[in-house]
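Here come two complexes built around chain A, the first alongside chain B, the second alongside chain C.
Let's turn to the complex of A and B:
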């Protein structure tokens, strides 16, 4: 009997279309970009595709502050926003769980920011934080809290803050919704047993609720890790990396070097660094998810 | 007695506090979006007014008429064709991604095979490649195949973008269906193929629809890849078209808000329809592996 008629071949046959598309759109391009990152390829000079330069691109970016500063900023940005999103999401989920009316309506409202196009979120907050006509400045001035127009997107620190707000607004609901689903699914018995045994609310939360919620938190983290790079859209619209590169993230830097300066080889080397960063991040949370799932399976 | 009264008032206070906090939260969640929607129905003069006009004085549909080229003063932005491009690209890629995702999801939910965990993880890791990083090699390869600035080029990319997550969701939905149902059908003489279409598919249908909506929205909202792989009205999508409203130093805020509303509305309606299934799919498939 040929391989493909056997029962054991069925799952592989079912997965073939998925594998083929991934190979065509992701794996082949990634191999190609790996190759390009070792050349001095420039878009305007097609011949330079065969201009092998070895590790020169990598050596350059790894010794260049213009790369490391956006790199560090990206890591800092992700650390800040992801932690805040988790804490805010947890707070919101616990709050809504306590509310007895309109839970479903609240949950529906919460889902909306998730479904906004990131580019739209960027534009929306650019509109709100506009120094001249933005609602934020208008409100501050009308309330008499500030005299002049605050240049939210021009001052480097404020711009970073504004971008973080936009990102948090967009993605906190991922955490809130999944953690809320976790709270809904939580069995009542352990909570009541803890009460009977005299645990205070903090102890109950720390030792029963939180461990139960962690798999849900890791699902949220795993989902978020798949598209953290969506922050590129927000930054592009809100500041485009400015003022003077002060809000440049790894992804806007890649676009600038690759498309604006047409230095594809160099941009691909940077893209590889960012890809590895993303993959490590996803892998880490996937592992956490699997471990948490196993732990839960044992506990139940 | 006084203790009981006290605890009751403190309880009421607590409840009022919770309600106020929730209300505040909803305001923070809603205001940014609502303000854009509101601005879409105001003339540009009112948006730019100093001192600010808080309550719209002259609600108008002019901004929408303008961007669709119906008014007297037309905007040279072909929103109509962007909309059609977005719709065609998002729908086609969703249908293909669902077909591929159903096959893959079924394989993960119903079969044991070597390297299962590894393949699943691999799919997820490839999904994690940042759009802009992927766009560099795809841009070069697509231009060598001359499918830059075609709908086909973008559809291919979006299918692969959606396949991993669709598999994740659909895998979760198939797992919720007891294996015994399809086994019983097979005992009664159905082939596995018939059992799938007659038993498992109808039961998972709403979940699959939710996965479809998610895939649709991913394509509908995507920007990083679309902005590099499209050039003209033949393939530009709505998110890319949004940038047409920005000139070097000025932004047509009213037009942009109107366009924002056009992008948001389909997304909101779809989200509203499937939100319950989406949450169920994400958590069930994830936790009870």
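Let's turn to the complex of A and C:
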């Protein structure tokens, strides 16, 4: 009896379409892009796909300060954005959880920023922070809080802050929704027991609510860390990584090298090095998730 | 009386141009669908509204498979080359971008009738040529001249104060040094600025490049070694830096592109604006602009080398080598750049590439009693003839530009000494030119 007609082959046969789809959609492009990172492939010169350069692209990246500065800035951006989104998302979730009337409407309104295209969000905040005709400067001047034009998108710290604000505005609701789901799923017994034992609201929150929510928070962080590490649209529209590279993040750099400069081999090498960042963050949050669930006595 | 004369002249012009169109035959391609990728944006769209006329005349359909700004279109075309999916016939192009695309476009010298090409400005055709091949048919050109707010220069108090401070009479600037003096003089940040500049991407590289040439410098020597870190280069970079430090330009200038500078001048908060003619009609339209009726225009200033800045280029159309109906594509290209359609674009202030259109559009504005637009076309005609030069028409131009502009920003912001910033950019540009095979 041929292998494929045996009963033991059935699982493999059933999995074959899924495996083939995975191979074509994920594995083949990954192998191809990995291969190109070892070539001098230039988009406008298809023949350069066969120019094998070994580890030259990687060697150049390792010694290239223009790559490592945006790498470090992306780590900082991730850290600040994720923490602020968590804090704001937690606050919003706790407030909405207290509401007894109109909660569904508020939950829907909360999702609005996520419905905008990131490019639109970028333009919206570029206009808000425009130094000459932007609403923020006009408001500050009208209120007498500033007598000059603050260069929100030029000053190194303010420009970084501005793109972080745009990113946070768009995606805080991811945290809020997941944490709200956690609050809905939370059993009432421990809270009531805490009340009986005389815990004040802060103690109840610190020792019962927050530990229960942390697995949800780490799931949101893992998802958002992958998103933020690939931040591109908003930054491109608002500052395009500038001025003087002050807001350059990994993906604005990689897109410029790959598309504007046509150096797709080098861009792919940069992208592979940058995936280290995503892997590290995902690994870290997964470990924290497991630890949080263990703390709560949940499944490993 | 003047109105009647204008009406008669206008009618005569319409009759003449109408006859020219009637004589033209665009061919017969019933049932054929011509796939095209076009540059999009408000100033480009009016021409596309004429495409149904070509469809009606030829029986063909035009399918616009992509319509994006040129930077996005550039990325898309590069992906098409990489994926070998050039399944369209006509694409928008630009003289600065064309050298990157290798041999994906046909040589129009052999595809378009010589008598048609003879009607185009020879310099525009020369600049559209890459490695001896006419890979694009120029649609309209651009070059910058200096718009200014006239009332500021007529004000006696301004005249007296300026003379007392700088020792020479206040008049629209003839040199970049005067331009800088006047910009600083007029600025009262944050309410009013002397001027503004585009501060990122190829836009600021281009501005730096034209000032470098005006100051007697060059981007490369004859062996393609970068030379923009010369004394002329430092002087050019210092011009931007001094204006920025003096708050004579908006603090956000380093993040500005063309729309920002155009809208800034139209908002009435800027004294001078070095810009292309495409804004002219907009600036003088009271519905859009607070400076309408108060605009003066002079040619771009001169640098230390006695030359005016004149960074120029043309938007254009190309035909792909993979096109399955080149005759139809040639027909559409010729239609889109014919006399009547160039007149439509010229009415907005876009600079034509056909020599006859320059004369006819000026006559039309004269007949319509619009001296401002007559002045615009006369000034830009002179600068196109005498001042225009393109960036180096080489494949790595955009890549070289991408190492220059971040360092220009660093020099302007004081993160690097201007000389060090240019030296660093020159070193990086040299590596690019070596990799591209220009430096052996």
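Note that in this section the second predicted complex is superposed on the first by the 244 of 300 C-alpha atoms of A that agree within 3 Å, B and C clash if a C-alpha of one lies under 4 Å from a C-alpha of the other, contacts with A are read in each partner's own complex, and residues count from 1 in each chain.
By our rule, a contact is a pair of C-beta atoms (placed from the backbone, for glycine too) under 8 Å apart; a residue touches a chain by one contact, two chains touch by 3 or more.
All of these numbers come straight from a predicted model, not from anything done at the bench.
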Which of chain B and chain C A:112 touches, first, second, both or neither:
first
For A:239, decide between first (touching chain B), second (touching chain C), both and neither.
second
Regarding the shared-chain residue A:148, is it in contact with chain B (first), chain C (second), both, or neither?
second
Would you sort A:133 into first (chain B), second (chain C), both or neither based on which partner it touches?
both
Who wins on chain A residues touched, chain B or chain C?
B
Could you tell me if A:259 is touching chain B, chain C, both of them or neither one (first, second, both, neither)?
both
Going through chain A, the residues touched by chain B and also by chain C turn out to be 132-133, 259, 264
In the complex of these two chains, what residues of chain C are touching chain A?
71, 74-75, 78-79, 81-82, 84, 100-102, 189-190, 193, 199-201, 250-252, 254-255, 260, 263-264, 267, 269, 395, 398-399, 402, 406-407, 409-410, 412-413, 415
If we count contacts the way the header does, which residues on chain B are in touch with chain A in the complex?
18-19, 21-22, 25-26, 28-33, 35-36, 39, 47-48, 50-52, 54, 99-101, 103-104, 106-108, 110-111, 113, 116-117, 119, 121, 123-134, 136-138, 140-141, 156-157, 159-161, 163-165, 167, 217, 220-224, 228, 239, 242-243, 253, 256-257, 260, 263-264, 267-268, 270-272, 275, 278-280, 282-283, 286-289
What residues on chain A touch chain C, complex-wise?
43-46, 130-133, 137, 141, 147-154, 239-240, 242-245, 256, 259-264
Can you list the residues on chain A that touch chain B in the complex?
8, 10-12, 14-15, 17-18, 21-22, 24-30, 32-33, 36, 92, 95-96, 98-99, 106-120, 123-125, 127-128, 132-133, 135, 138, 142, 169, 173, 177-178, 181-182, 185, 215-216, 219, 222-223, 225-226, 228-230, 232-233, 236-237, 251, 254-255, 258-259, 264, 267-268, 271-272, 274-275, 278-279, 281-283, 286, 289-290, 293, 296-297
